[in-house]
Amino acid sequence: MAGFQPDPSSDPNLVNVFDYERVAAERLVAGPLAYFAGGALDERTLNDNRAAFGRRRIVPRIMTDVSAVDPSVTVFGRRWPFPLWVCPTALQRMAHPDGELATARAAAARGLTMTLSTSASTDLADVAAVGGPRWYQVYLLRDQGARRAMLERAVAHGYEALVLTADLQRLGRRERDIRASFLIPEGVHLPNVAAAAGVDPAEAASVPFVERLTWDDLEWVAGFGLPVIVKGVLHPDDAALAVEHGAAAVAVSNHGGRQLDGAIASLDALPAVVDAVGGRVPVLLDGGVRRGTDALIALALGATAVGIGRPVLWGLACDGEAGVGRVLDLLSAEIEQALALAGVANVGELSPAFVA
Amino acid sequence: MAGFQPDPSSDPNLVNVFDYERVAAERLVAGPLAYFAGGALDERTLNDNRAAFGRRRIVPRIMTDVSAVDPSVTVFGRRWPFPLWVCPTALQRMAHPDGELATARAAAARGLTMTLSTSASTDLADVAAVGGPRWYQVYLLRDQGARRAMLERAVAHGYEALVLTADLQRLGRRERDIRASFLIPEGVHLPNVAAAAGVDPAEAASVPFVERLTWDDLEWVAGFGLPVIVKGVLHPDDAALAVEHGAAAVAVSNHGGRQLDGAIASLDALPAVVDAVGGRVPVLLDGGVRRGTDALIALALGATAVGIGRPVLWGLACDGEAGVGRVLDLLSAEIEQALALAGVANVGELSPAFVA
Amino acid sequence: MAGFQPDPSSDPNLVNVFDYERVAAERLVAGPLAYFAGGALDERTLNDNRAAFGRRRIVPRIMTDVSAVDPSVTVFGRRWPFPLWVCPTALQRMAHPDGELATARAAAARGLTMTLSTSASTDLADVAAVGGPRWYQVYLLRDQGARRAMLERAVAHGYEALVLTADLQRLGRRERDIRASFLIPEGVHLPNVAAAAGVDPAEAASVPFVERLTWDDLEWVAGFGLPVIVKGVLHPDDAALAVEHGAAAVAVSNHGGRQLDGAIASLDALPAVVDAVGGRVPVLLDGGVRRGTDALIALALGATAVGIGRPVLWGLACDGEAGVGRVLDLLSAEIEQALALAGVANVGELSPAFVA
Amino acid sequence: MAGFQPDPSSDPNLVNVFDYERVAAERLVAGPLAYFAGGALDERTLNDNRAAFGRRRIVPRIMTDVSAVDPSVTVFGRRWPFPLWVCPTALQRMAHPDGELATARAAAARGLTMTLSTSASTDLADVAAVGGPRWYQVYLLRDQGARRAMLERAVAHGYEALVLTADLQRLGRRERDIRASFLIPEGVHLPNVAAAAGVDPAEAASVPFVERLTWDDLEWVAGFGLPVIVKGVLHPDDAALAVEHGAAAVAVSNHGGRQLDGAIASLDALPAVVDAVGGRVPVLLDGGVRRGTDALIALALGATAVGIGRPVLWGLACDGEAGVGRVLDLLSAEIEQALALAGVANVGELSPAFVA
């Protein structure tokens, strides 16, 4: 009958991801907070990503054997201990001096895959040196040599997959940034862009991306020999096109509500994408995941795993590697418990019938 | 034309169940209040249980003879004066020194069936001595001897049915408890666990439950010869399985929103369960019932009776047995009036056509 | 281009019915205000009556000839200048010393039909003496002689129709009344009950109504030779039964949300009732009508006319007969304008196609 | 990677149209503010016009070539740089001393078509002298000679089309105006009415409009040889009738929620109108457009272009011609970006499949 008493190790002020968000908002200065927290225009999609989970209800099963729950999934042949994936987010050194290194260490310690952003503030070699499972998120640089050089570096440093972000043909209008007069702080750079483009890190922020990104580019990226995840898929036809052009997975995402405001919530887009993919490749999802029960819903609707972006930043801002670790542990524990309470011993037992 | 003037015996500060909740919240100390009032995680299911009633509308009939309304129902051969059932709730002595005894006396005085929880703070023998109609709620203890001993005691003391709670494979994460640093107060124990396990009452809270609960266990519980109600059914397939494995009734419930947050509201789950059961056994419902009109809606949608948990605790916290009695009387009177105003002289006249 | 400037006679503080409600709430003492304004239990139906109009949208027509709008309708052979009907409300002398007389005078001056309540605080003979078109609302008294005497008086005094209220088998629980310790003020009586029952007016409030009200009673009431409107119809089958038992009209109503809380909003119940009646008799509607556009929606969905209860009381409380008159004029003008702006020159041109 | 830093020319206090609205509300005096901002009655339609956009979600495409986005459309043979149209609004000199001249100059500088209102506070000849693309909005004066004279002046001054407003058979009741005791300020006149009617400008506000406006009038207006847009269409049958009677375009509109309160939101009315028109003529839309993403949604649902009324007034009130220009530039830039982020290089690629 353990359970009547709360876990004594719990900090009553940091009980869930929302607590980390609140505390992080107190600690971050205005510009970086605006950059991390904000979405595009009226933040309708930002908010709808969360609300979409609230529109679903779970229909759990009972009297099943959940004495041992296995929340693991397998992606590209690697076993993930939880169906949880650290999404790429930019400029993590704005959240904590250790930046992406802290995130990498926390994820690696738990066997979770971390995705390093092209816009990371830490060199991909340094993150690789942490040794955890790692993916690299790709923005294609306009200069062909630089573009190639960046991917070659990622391959050379053992990144296991490339995440091609497809929804940033140009930057969304994020009004919080404008109101906060956000500027990248001094001393925070984009070393991966700088290394690829051969420019001084302080100048990397002005290195241009390609202006034209089409399915040919996916094939070009896939030519580097790593699985490529196309991130930013919302339309089922694009999911099918991605698979046809060689995507190893698709990630249903609206860039955390930071690009096209009014875009459909990730969760709302998921079922049609799952249908279109038809099991040919894994379907990941990010956008609004803050609870283990959110993961349960997405998995039941066909996602292979869910990604988190901002929650990692909140953990980072609160307490560096330890904070990221606690956020990852919180969500992992919530996922495991959600499976058990839904009467599910393995992720594979989930199906759309669990969601009303 | 009586009715123009309000009932002079009414306390204008305790007019309905919500008033009892408000006053109880003022009287209870923080930890027990958190434990009684809270739900899991974001309390979505806790709130949705109530909201689900608000999403239905009643279509009453007129010009029927309701000069004499009979709100009684028959469950397992016993006539219940109202389609109302006192659900099991733990640790009632945290609400009032008289605890479960007060509840038992108030229920017995009205001929209402009370369910004593395995986690009760009063010995089942003492509650049995009150003499009212009584059911016993079962959590299976991990130790086989203790498990058997507990049920044998319930049978021996005249409990008429066993309520097997199926949705607590592990305890839901109730963040109010964590924030309030809830601990079971000194002097409040679990005597029924202690008696079955042969441990000191002060140690009973650490006696473990079974980790694996499956339909075999239902058959084992049914072997004690009493009708078994499977409580925690939300999925229609589980309702059918329960009946096939010998359940004498099913109780649609999500444990008051305290287990899997995001689970479907009890009322929303009811119609499919009623369909799946097909009249073979009674279907009870708990979760969010606070008004006689709530009961009317649930009964129209096929429930045999509705259960209340927290309202009893609020009455108990306000005024012990008298408070519980007034809450039961309030709800009973509201049910009787709701039937009359819906043009229904007997519960059996209700049907889904009364709900839009 | 008149219209750029607001009507100079408008009082900017009493622009619409809601203003009258606000000012009336300031002027009335607590008990009568609670009685007039309140609904049953949680006031869900009270609020839903209004919300139901907000859930509909009007699809107006353009380029039709609305240079002359005729908002009149014909009910029982009498031309009503507007499809607007003064519903019965009790105890109007609690709102203003002139009570029902003021209402009768305001309605009569505009050719609008007023319904006097059995629970009126003014004798039906005095209201009849005003000379306007008038209906009498019927609660059947338990005593057979008194019951008959009341209707004979109504017939004798030229009331043109009897409104049989079918949804008050017993009084709904109105918690505002209890909280306000509402009592009928001294000096306010029920003279029509007193006269029928032959009791002192001060004792009339305790004269009992029938406990059993069925379709036989409708036939008995119809035997007095006047058209009978059955008021309180929400279920389409009851609408059909009313017509079959001789009703000359049905009034879709939930008693202003004062009886069965949770009952379907009047407007939501209307379409099925209209279908069931199939044009055999007029269908009236009350509940939540506060705007001319509300009337337009109800008429488009098949109502012959709409009734108002509380708005009349707010006008009465603000300024007696003059206040009632201004409320009636406001609504009449709003109805006429709504028809014109919807492109409709006659009420008969409306159809469900005007409502989305 | 431009885009990390906000545009340095952005004023963090005037980031979007809502900011202009807020600042304008601070600068305008009460009467004109009420007149400009208010809607009819309860402002349900005013608010619903905005809310309707919030009920739609965009399903963007990815990996398309949006390196060059062409947001232009062609209306009546003229290329519009953006699918954006300046709607007629009255009395712009109440917003800024330069009034309609400032609007005309800002629109002309951007190649956008401006519609001058019959109720403008600037002579149509002066607006024509600005030289930009211009339409003239028509209220038919009651006097036949004046009616003809007004249109002859518009034709003579090079207005390219006539916008026949069909939803102002009489003025809607705008309660904000009444509460603010709105009067047209001294010195603000209706010169176009005055010129046509041959009256002193100070008396023009009392020149009456026709009381009867039917499809014959459309044919008469079309006889002046310019394309005629029928503005105020909400019902699909009226859209078809407009085309049959010679309309060169229809404008889906509810007059900004200023006429029939409760009327369907423009966006909600759009799809059925588009169906009814069947591509025979362009379909314009106004009502609630405040974002480039709103335009995207309307275009995807079949609108050829969207109109804005109040946003222009807010820009005007903030800073005359420069303010109008910035509002137009903001919306133009938002439209261009919305297209790019939706993966659309040309407006013609949009379809209802982009809206969920």
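Which chain is which? They are A, B, C and D, in the order written, and residues in each are numbered from 1.
Here is the rule we go by: a residue touches a chain if its C-beta (ideal position, glycine included) is under 8 Å from a C-beta of that chain, and two chains touch if they have at least 3 such contacts.
None of these values were measured; they are calculated from a predicted model.
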If a chain touches subunit B and subunit C alike, it appears here: none
Fitting subunit C to subunit D on CA atoms, where both chains share a sequence, rotation angle to nearest 5 degrees: 90
Geometric centre distance via CA averages, subunit B-subunit A, whole Å: 42
Rounded Å distance between subunit A and subunit C, as computed from the means of their C-alpha atoms: 60
Residues of subunit C whose C-beta touches two or more other chains: none
Chain-level touch network, classified as line, ring, star, complete or other: ring
Pairs of chains, among all present, that meet the touch criterion: A-B, A-D, B-C, C-D
In the complex with subunit A, residue positions of subunit D that touch it: 1-7, 10, 12, 15-16, 53-54, 56-67, 291, 293, 296-297, 334, 337-338, 340-343, 356
Touching residues on subunit B, where the partner in the complex is subunit A: 41-42, 44, 48, 119, 139, 166-167, 169-173, 175, 177-184, 190, 193, 204-209, 211-215, 217-218, 230, 232-235, 237-238, 241-242, 259-265, 268-269
